[in-house]
Amino acid sequence: MSITAALGDSVAGVAAEPPRRRARRAHLVLLGPGLIYLVLFFVVPVGALLATSLYVPVPGGDVGEYQPAFHWQNYVDALAQFWPALLRSFWFAFLATVAALVIGYPMAYVIAVRARGRKLLQGLLLVLVVAPFFTSFILRTIAWKQILADDAFVVTAMHFLHLLPADARLTATPFAVVSGLTYNFLPFMVLPIFAALERLDPRLLEAGADLYASPVTTFRTVTWPLSMPGVVAGTLLVFIPAAGDYVNASLLGNNTNTTMIGQVIDARFFKVLDYPTAASLSVVLMVAILVLVGAYVRRSGTEDLL
Amino acid sequence: MTAVLDRAGESTAAPSPVRTPRRQRRRLGDVIVPVFAALAFVYLLVPVAYTVVFSFNDAGKTNLVWQGFTLDNWQNPCGAPQVCEAFANSLQVGVVSTLIATALGTLVAIALVRFRFRGRASANLLIFLPMSTPEVVLGAALLAQFLTLRVPLGFGTVVAAHVLFCISFVVVTVKARVASLDPALEEAAADLYASPWQAFWRVTFPLLIPGIAAAALLAFSLSFDDFIVTNFTSGSYTTFPKFVYVSATRGIPPQANVISSFMFVLALAIVVLVQVLGYARSKKLRGR
Amino acid sequence: MTSTSSAVTADATGAGGAALELEGVTKAFGQFVAVDDLTLTVPSGSFFALLGPSGCGKTTTLRMVAGLEQPTAGTIALGGRDVTGTRAHQRPVNTVFQSYALFPHLTVGENVAFGLKRSKAKDVAARVVDGLDLVELGHLADRKPAQLSGGQQQRVALARALVNRPALLLLDEPLGALDLKLRRQMQLELKRIQTEVGLTFVHVTHDQEEAMTMADTVAVMNHGRIEQLGSPAELYELPRTAFVANFLGQSNLVAGTVTERLTKRGLLGVDVRGTRVLVPAARAVRTDGAVLVGARPEKMRLLVGDQTPGRGENVLGPGTVTDVSFLGVSTQYQVEIPGLGTFGVFAQNLVGGATVTVGTSARLAWAVDFTFGLDGAQARDDGAVDLDDEL
Amino acid sequence: MTSTSSAVTADATGAGGAALELEGVTKAFGQFVAVDDLTLTVPSGSFFALLGPSGCGKTTTLRMVAGLEQPTAGTIALGGRDVTGTRAHQRPVNTVFQSYALFPHLTVGENVAFGLKRSKAKDVAARVVDGLDLVELGHLADRKPAQLSGGQQQRVALARALVNRPALLLLDEPLGALDLKLRRQMQLELKRIQTEVGLTFVHVTHDQEEAMTMADTVAVMNHGRIEQLGSPAELYELPRTAFVANFLGQSNLVAGTVTERLTKRGLLGVDVRGTRVLVPAARAVRTDGAVLVGARPEKMRLLVGDQTPGRGENVLGPGTVTDVSFLGVSTQYQVEIPGLGTFGVFAQNLVGGATVTVGTSARLAWAVDFTFGLDGAQARDDGAVDLDDEL
Amino acid sequence: TGSPSSAASSAEDLSDSDKIVRWANWTQYLDQDEEGTSYPSLQAFEEQSGLKATYAEDIDDNDAFFGKVSGQLKNGQDIGYDIVTLTDWMAARMIRLGYTQALDKSRMPNADNILPGLANVDFDPARTHSLTWQSGFAGLAWDKERVPGGLHTLSDLWAPELAGRVEVLSEMRDTMGLIMLDQGVDPAGSWSDSDFYAALEVLKEKIDSGHIRQVRGNAYTQDLASGDAIAVIGWSGDITSLNYEADDKFEFAIPEAGGTLWSDNMMVPIGSPYLSNAEDLMNYYYDPEVAAQVAAWVNYITPVQGAQEAMMAIDPELAENPMIFPTDEILSKVSVFRTLSPDEEERYNGEFLTVIGA
């Protein structure tokens, strides 16, 4: 199915060098609406958020009342208190990304390479990857919670088979949170890798075989490096939302050793009404992600990816 | 997967005693990956299956424990208060934000690929930023902004927020398509007396449709399933994921499962239909 | 096939093409000058071929004529009208692109109709049918380009351009993708169409044989400039630079110094490593000092054993036959003469295969009248493709 | 260039290639039989060319030899060892792919080193350098394939295969992307390498001229079967089917009926629309009934005005010259003889351009000795490319 | 997020032109019919009043809900609800901040049916801005099969054999209140920071050690049902409801040291243009028979006098249920968490959230 194929494309697409053109200002007409939108609804709000991160409480004011200031100490305080959650977020996001890669790559490989030329099968498998998007992800997460519950089949069976110590459990653990993250962002890993693999010329694999490379060697020396753009795109698309997620942590974790920064930001924002702290944590999170992503993209040599 | 098995079978056709051990290894190698992938698909679909199964649960106040099979929920999917309203809202938000984001994003994508201008790099970065911003941050920033502007929260603000995070995905998707489009085609159109406007509508646009459709699909699924940003920017406006999240605290009505299952089946059906139609058409063409 | 072409010629915009004039046209990409001060006139209704190595600026020239690229300097006139500033879609010019550039989402018929619809022509349907018949693809009008073979696609591209009856048709390697056989056939086709419809064709090609078979006038381009321009026979028989001599067919070139001028007989005596070779003065670019003496391989014959040269023939050698290639129609010999290098000799297989074997000692003889003289300052192998140079 | 090839020959795995034997090899894709019961022996160290129209099964045959495709039936032996079931990476065979299939993420040098590293060869670096020098790309070792021109890419593909010194090298249209000039030059190169290194080459090509220049043995394939096999000169001079006659170069074929057998002189008398044409009986596929009488264009000459045929020549005509094409080396004439069709005549431009103009009345003469006779039941134009047929 | 907005004032009342009323409530907090498809009492109200009522189960957490609407409330904007139902302390904050509209009691004759104990509360002395919706206890709940001995004190909850199967509420006042009571501190009294932090220390220790599996809101009932939790700090009505489906599997008790009592209060937010309609609705639910109908379904303490009598007609057994109609003895065992100052509230809330890992 071309739609889903292109959908994969999306994220792995490496733009070709743009042709030189006479400037006819046409680009302003094309870009204008979109960029103005982004400025209005992204740049300005994020700017405001930045400002908020420096606010101080109104002296003697009620809960949630703040006034403009340049109180950089907010950042120090916020980090001093919440750095464990921040680090944990990146750690969980990293684990989820690796897990999604390990699970998602074979899926993408089977869809793109093994099912090559079988359009119906390919389309079906692709839609099976995307379709969970259409069943609310909260429902799915809750379903996981029920499936992995202490009294449910999986845990009982594992206890019975002694795969799990008798007092161990699966829900409300870091494991549950990471697997929830992995699960929920898996399609974002599969699609770009699929797109990259689909573009892989099967003749290159034959060339590898012709040049004495065994299937495993061919994979290592040809398939894997050529799917790198997809892998990079996929890892970014999993890592970024996972690092900022709070739904999985609050539904599947909810303990101090699973607290993620998203939960903290949400709680500071909505429950404590501590806007400056929430804002400064947001800014820190955003900057940290940008720095990590920038370094990663540069290292993997796929700058023109995005 | 049948493809793989077929091929494995094919390769073992010719007999030769020396090859036996090698053949075995090969068959193993050919099978491991698909089996692993199949397990991954199971992993991906188990909760979906759970959701579908519990849409048939004869549930009471909560839908946590299996109480018995019933078709009632499917016969009366709007039975639970608010569920259909939330679903309709989600559809509405999804469609409207998809339309806007797709239109804006497509234009930006064309400009970014086809033109070289000063500030192109910054424009690219601006597109990438919302994608790399965690949803909590986006939601929080937007909410603050809407409050400052005293915009009443509701449909409008939700759409505005969804358009924001969809645009980036649309741009990236369409960009890949535009980049793979041969610029010579537009030149050929110009050469054949088509004005720039005509060249766009008659050549560029039709060729971008698959990319645009993919982008729209992606945008719709992102919007339809979004909870975090929606939660910040919706005020009292309820979308389907928000409804599910809120009702999750006490028990999600089975009707929510019905609607989710329905969407899942619908997505499958559409793809199969598109495939079958496309197959029939190509067959007809080949037949001629 | 000929019956349908009437629709194409019977056009109101005037049968026959427009003359094309380039005046001092230059195109620079940044620092790089792709086309350098090009001045050129293509008479109306003629078949003009632009020939040159890869990257010499042929496509760029065509794109400027089509209006897809603006010249950095100079003017382009079409039928006497300056079109330099006119945009592509407003020029009565059509191009058959190197890559066809067929619209993949349109059927063959719709592709061909595209230009007609844009120019609001009447009888679009009838003209599309005629155009497709012209290239013998009438029965495939409903297919999509992806369902055609390369050769068929190329013909659709041709029909799409021809059907508009442009004053000027630009062909950018329109036959590059075809195998030799089909290519020759299409060449005859194209030539026929051009003659029948009377359009002005500017044809770009890598293939010198193609240029020579088809064109009235051939221009050989190199590094953005035109090296020589003339009828195919003129260019072939009397190249004026080593580049042209080598690029257009093969040449045997050998360095020498003019030592005598036999003014009465109109000949120059050239000393080639001790052997005197005669060159008609009228066929020499310079008449003194260092020259390159040249002759085409098919003009040369092998003198084996005690065979003697005829009257009015130059002789070189003896040398040794180092290679014999049977080409079917002809046999190619390589003869190495110590100190002078390797010479190619073609012999038509009028009486079957090779007559001389490798290792035979032989001299080379050829008519003085077909000898040409070039500037000795040029490299002997300029224009002969060097393996490292074609990027 | 020659100095570096020593590394390639000095290989421990044995200079010289392995013999290839196909025995009843068949490949069916579903219902469609792409290769049909092919039996073939390519002697060790020979240069074997496989020639045939698009889709006739050449690539499929090569892929089966390389191990990239399993035959439906039959066996493949290499150097006497049955390799039918061996997997591609375990066969001492390398392929230069029609599409190059260079690894885009590796540099030129890494591409060339790929096979060596896999087979754990020693001196990889040195051998890569040698291999690249062999194709004169030593200076581009650090580039990525995308930064090379088509011709350079093809040479990398060649080097990548050659450097492994395979017992058998398969070349699938390895020169398809090169322009005529470069192509000829690479042909000489390839041939030289093959002779020097002594490998066994199987070369697939569309281009009959290429096959004939390079190969020791040529096989003409059609519809998955081999139509004729032999040395280039043999195939060219004495085609046994109309397909071969037309596919390999041009042929003038005309239908007639055997009316006499001049057994003593070893000739057949054939009646061609009232004219008697003589055919050597040994050069005829059948000696009675309907036959096709053929002769190559370069064997024919024009008799204009009162010129008379020589002894032992057949004559047809008179007809009218309808086209004159100057090809540089030679001139091609088309002569239409009423009732018999159009005949092609090549004349080497031994003395400059065309000697006969369009419209001239001329007869055709050619030596009886170079006439051949085919089965009259075959279509005259079998194997001549028809414009609508190449999909 | 600026200075307190005094500009926020009641919106113009459009009740006469638009016959609608929009009500935000907690989930499962209004009687439903058998299929769970409609709210009988609300339907009756619509028929009777001619108003179209929109009922949204949009509240799952006081803080979260307030956090989402506070910005609009500060601006005096319509938040999309005409009635919101929030717990005492949050109601106190709403009223203190001026985010609610004054009720016209003359239009609400039934309002006088309010239980005397609820008629005067410190945050809304004459009930001019709020009316109680339901009240309930926080106490201990457990799975009878797995905790055969039952729970009597908070220390029972900390028994080692329950480790990892215990959950407490994310509602600070309930969880902290129970711990403080266990430590001998009356949360209704004037306790100090140190009392609070001492209790918090206990909580922290139990969470960090993994004894407490999760800290949850309403969703703890799901964990009880699925077996992930077998002993919890929970709310009275929930357990009653849960038992309907789980065959009386669970039991609820107020700890010996005492439990907490809380109430949820209906308020009309500033910016709502349908004050009169909202008053009509509140008035309706203060009818004893309607109140009994609701209480019979939600199983919480109804604030309406006469409801117990009305309940006799519906379900005599329920009328005797002390969790719906508590006896004085029970009431003497529970206390209401005292109102916190803004400063205390921010600090305690922040610390509490940090400890529970949200």
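Letters are used for the chains, namely A, B, C, D and E, taken in the order the chains are written, and counting of residues starts over at 1 for each.
The definition used in the following text is that a contact is a pair of C-beta atoms (placed from the backbone, for glycine too) under 8 Å apart; a residue touches a chain by one contact, two chains touch by 3 or more.
All figures in this text were calculated on a predicted structure; none of them were measured in a lab.
Asks: How short can a chain-to-chain path be from chain B to chain E, counted in steps between touching chains?
Replies: So the least number of steps between the two chains is 1.
Asks: How many links in the shortest chain of touching chains run from chain C to chain E?
Replies: 2
Asks: Name the two chains that are joined by the greatest number of C-beta pairs in contact.
Replies: A-B
Asks: Using the average of all C-alpha atoms in each chain as its centre, how far is it in Å between chain B and chain C?
Replies: Their C-alpha centroids are separated by 54 Å.
Asks: Determine the centre-to-centre distance between chain A and chain E, using the mean Cα coordinates as centres, and give it in whole Å.
Replies: 37
Asks: Can you work out the whole-Å distance between the CA centroids of chain A and chain C?
Replies: Centre separation, chain A to chain C: 58 Å.
Asks: Can you tell me which residues of chain D touch two or more of the remaining chains?
Replies: Chain D, residues with two or more chain partners: 87.
Asks: Spell out, as numbers or ranges, the residues of chain B touching 2 or more other chains.
Replies: 26, 64, 144, 196, 245, 248, in rising order.
Asks: Which positions in chain E touch two or more other chains at once?
Replies: Within chain E, the residues that touch at least two other chains are 1, 68, 222, 226.
Asks: For chain A, which residues are in contact with chain E within the complex?
Replies: Answer in residue numbers: 52, 55, 58, 61-67, 81, 145-146, 149-152, 167, 169, 171-172, 250, 253-259, 263-264, 266-275.
Asks: Show which residues of chain E lie in contact with chain A when the two form their complex.
Replies: 1-4, 61, 63-64, 66-68, 70, 93, 96-97, 163-165, 207-208, 210, 212-216, 222-223, 226-228, 342, 345-346, 349-350, 353-358
Asks: Along chain E, where are the residues that touch chain B in the complex?
Replies: My answer: residues 1, 22, 24, 27-28, 32, 35-39, 55-60, 68-69, 71-72, 74-75, 77-81, 217-219, 221-222, 225-226, 241, 244-246.
Asks: Inside the complex, what are the residues of chain B that reach chain E?
Replies: Result: residues 60-62, 64-65, 67, 72, 76, 79-82, 143-144, 146-147, 150, 152-154, 231-232, 235-238, 245-251, 253 of chain B touch chain E.
Asks: What residues on chain C touch chain B, complex-wise?
Replies: 66-68, 87-90, 93-95, 97, 99, 101-105, 114-115, 118-119, 142-144, 147, 160-161, 164
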